[in-house]
Amino acid sequence: MGNFKGHALPGSFFLLFGLWWSVKYPLKYACRKNKNVCYLGSRAAFQRLEFVEGIIKAVFALIGMVAEQFVPDGPHLKLYNYEKKHWDHLMNWQHATMYLFYGISGLVDIVAHGTNALPAAMDRMMLSIAVFIEGFLFCYHLHGRAMLDVHVHQLLLFAIFGAAACIFLEVFFRGSIVLEMLRTSLCILQGSWFWQIGFVLYPPNGSPEWNQTDHTNMMFLTMCYCWHYAFAFLILAVNYTIVSWAVRSKVKQSQSMEMGLLKTSERDHESEEEI
Amino acid sequence: MGNFKGHALPGSFFLLFGLWWSVKYPLKYACRKNKNVCYLGSRAAFQRLEFVEGIIKAVFALIGMVAEQFVPDGPHLKLYNYEKKHWDHLMNWQHATMYLFYGISGLVDIVAHGTNALPAAMDRMMLSIAVFIEGFLFCYHLHGRAMLDVHVHQLLLFAIFGAAACIFLEVFFRGSIVLEMLRTSLCILQGSWFWQIGFVLYPPNGSPEWNQTDHTNMMFLTMCYCWHYAFAFLILAVNYTIVSWAVRSKVKQSQSMEMGLLKTSERDHESEEEI
Amino acid sequence: MGNFKGHALPGSFFLLFGLWWSVKYPLKYACRKNKNVCYLGSRAAFQRLEFVEGIIKAVFALIGMVAEQFVPDGPHLKLYNYEKKHWDHLMNWQHATMYLFYGISGLVDIVAHGTNALPAAMDRMMLSIAVFIEGFLFCYHLHGRAMLDVHVHQLLLFAIFGAAACIFLEVFFRGSIVLEMLRTSLCILQGSWFWQIGFVLYPPNGSPEWNQTDHTNMMFLTMCYCWHYAFAFLILAVNYTIVSWAVRSKVKQSQSMEMGLLKTSERDHESEEEI
Amino acid sequence: MGNFKGHALPGSFFLLFGLWWSVKYPLKYACRKNKNVCYLGSRAAFQRLEFVEGIIKAVFALIGMVAEQFVPDGPHLKLYNYEKKHWDHLMNWQHATMYLFYGISGLVDIVAHGTNALPAAMDRMMLSIAVFIEGFLFCYHLHGRAMLDVHVHQLLLFAIFGAAACIFLEVFFRGSIVLEMLRTSLCILQGSWFWQIGFVLYPPNGSPEWNQTDHTNMMFLTMCYCWHYAFAFLILAVNYTIVSWAVRSKVKQSQSMEMGLLKTSERDHESEEEI
């Protein structure tokens, strides 16, 4: 789907997941630091969340695959045009393949967190592979396009492969808040950059076209990419602050009720060292 | 052996090993989770398996080396043609070198698991080197070939170097089910892709030749590679399910016989956390 | 700021930080080895130092950003020239972006060490990202420049990406003296190389220009880069020796006062093994 | 020193160190497994060995530097020819720089193992940097040479950067026999490949010159490189076997004398698991 919507759709998916993670992981971390007051902090609740996430991921992936196949100008499951002897709508098939691996990752999440048949670390490995496959297909996706088009997609690859590497590390350092925040920031970056690509390559009605061969445009977009990343950190910081503040105020409330032991600050410190 | 057989042979070897591993590692994991019922789960049994694997690997490698040397159009151990002043059958020699390192890896397996002279981690290191050497020789193997030929072999390199990196990580994270599954999936991928290369470059009788310079063919094959990988995960999932189910049903059977303690689910959970 | 000052300024920043770290980390290590005598060795003191470092980093970054924007030939916050339809002073904007991320890193330091809201490992992650972004922007910064200009900046990239990787490792191996020394050496290298770039590309009054296309110049500068690195190690060694000697003499002094237990050497040895 | 000797000299150094390591590390490992009988196995003895190694490394590096400077056609410490306005003997200076870093590594070994001022892990870090610098300078060393010349040196880079990465890992996994063996094998490979380069580029009297532009020569040498590596493993295996056998026979001897406890095999197994 080489149009604005085809970039806005995955962009929205990634943004949604990034925003959700920017709430979830700070919450998880704050709950781990204040175990006594936070009933959400129980392992079971977060495991159920991961299970639900898996379902949403699988459903989104299914929607994506179906959309790529059955949009009016899509392949409708036809891969090879025997009359004209060429492959049919390879782009859509490639996008569908990307969604397929996210779907597999969603299924693995469901099985790993819904049953105890699979080791939990499997979900990260599969997600890492799904993200890697997305980047891998993008690499071979850009042949023969204009310079600027190639460049903006290449920039995307940094976020994609960075996320794949980060998630792979999570297989070994599971639950590390630092890696989770890094992943979240890269996910938001990917989402917002998809939107940016849409605006650059398919300017909405009225806007002038970007000059595809101007080198200064490339330099600006590289910098713009960094601003998107700084923006992703801003979002993370805001959500982190709100969540921390909310949990903290709830902790204080419950402490004042039960004539709290007032040792929280020490405990905080300890649990921080454990990390 | 630049023909269909020359790709089908190693492909079959890798597929065989991949399929075997897709049974072995889930079995090992399931046995580790249900220690009391699984007499196969004893360390000794799996060590003996690794020993046998080493022998099979060494024998396969020997067969491969001999085949590369003594096929009718092979070098028959002649390396340099002094009359015409050029190297003789370099391709066969390179393939034989690849097999040589798998043979060394097999020998190291035999010594590491048959005696206690070598540290066990040595087997992974040697296998990692063998896989790396395979990829290394492939890199310098493709000079002057047609675009599609180069591309399908380059795709293979992802599976090869991915497997080499994964096995090297196993030196440090030995027995991690996640890495073992990753290795298995990459091994199946390599095996099935060897077959695919055979079909693409040397179409069996009747099929039309692939256009070696058509860019859409390249794009299709890149995507096809991902489908092979998805297929590898499908095989893994099926085998994993069967093995888990078999072990579980056996566990239940033995539990009902001995009026089992019914604490298995908690134990499962604990051993999962250890991972 | 493509002039001598524009390279001397960041160079001085990096040198300053490098020199400071080459005192701080040996001091920290020596204090950890001689816990009983070193009141500076308390965790709190070093945490306060990191807090102060964060403030200095943020202030420096702010100065850098303002300088890049409001130097006489700077963009004065104007990004796009609507009359001539081109981007305005992209170089300055890129440099300002680099400073921005160092500023964010400084802010994270302040929050992570000033409050206990953020996990401490966050400071390393953010610094690693700031350094990576610096390298990332440099990569896309060099288009269309002369060969020697590109080369000296590429050499810089080794120090930058090396430092980014080293700091990222520190997220997981926090407090490893080896990684801290490596980071310090790379920071000094970066600082002194910025000065070298200034001298090479904008020779101060009187000096002859460097031939930008002479290959031997490139070879010399590559070697010169290594000498800078050796020089960085010399500085590190000198500072390390002075700090060790100072702490040791203080330890002896306090020991002779309290009729010391004379077991220090064994303790040294133990704490060394812990590392 | 672009001649046969200039490659044979470093090759001999590396071979010597590789051969020595192929005795030392198996000995260390065997001693660790049989603690009671092996007086050599004491930590102190091996630390003294590392100290002596450091001295030898520093002396070798000094010899190398002096040789590069004061060979008849060397630079004699002259760096710039002011008359002809060009750099003088840059090759020799680059080689001297390589030796310089090995010298620094030797000095760090001496200080780290002779005193307890430096953390022991520092020796690996510095050696890793020395090896990396060697590879780094080689990368920029090959400009404008013939194809085969570049290729054989590029092959060398695999051994060099592989060794640098392996030694860097040893900073974190110190004393891992697997990494030590890997390092040893890469060191032997580097040594023997230096000799091979000498023979290929400067054939000794009587031999015909190699065709520098023949692609099959490149393919043969790539394969030959792998054979060198297989040969390095052969040497390692032989030395490992001899050392293991010697230690084992000595263990048995001492056991029969003291009416040994006959529990060695279990102990072996345990210490193997610790690895």
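Letters are used for the chains, namely A, B, C and D, taken in the order the chains are written, and counting of residues starts over at 1 for each.
Assume a contact is a pair of C-beta atoms (placed from the backbone, for glycine too) under 8 Å apart; a residue touches a chain by one contact, two chains touch by 3 or more.
This structure is a prediction, so every number in the text was calculated from the model and none was measured.
Student: What rotation angle takes the CA atoms of chain A onto those of chain B? Round to the nearest 5 degrees.
Tutor: 90
Student: Please decide if copies chain B and chain D contact each other with the same set of residue positions, more than half shared, or with different positions, and reply same or different.
Tutor: Different, since most residue numbers here occur in only one copy.
Student: Among the chains, which one keeps its Cα centre farthest from the Cα centre of chain C?
Tutor: Looking at centroid distances, B is the chain farthest away.
Student: For chain B and chain D, what's the span in angstrom between their mean Cα positions?
Tutor: So the centroids are 31 Å from each other.
Student: Return the distance between the CA-based centres of chain B and chain C, expressed in whole Å.
Tutor: The answer is 44 Å.
Student: Give the residues of chain D that touch two or more other chains, as numbers and ranges in rising order.
Tutor: Correct list: empty.
Student: Who touches whom among the chains?
Tutor: Result for touching pairs of chains: A-B, A-C, B-D, C-D.
Student: Show which residues of chain C lie in contact with chain D when the two form their complex.
Tutor: Touch residues, chain C against chain D: 29, 158, 173, 176-178, 181-182, 215-220, 222-223, 226-227, 229-230, 233, 240-241, 244, 265, 268-269, 272, 275.
Student: Over in the complex, which chain D residues touch chain C? Could you list them?
Tutor: Of all residues in chain D, those touching chain C are 86-87, 90, 93-94, 97, 100-101, 104, 116-122, 125, 129, 133, 136-137, 140-141, 143-144, 171-172.
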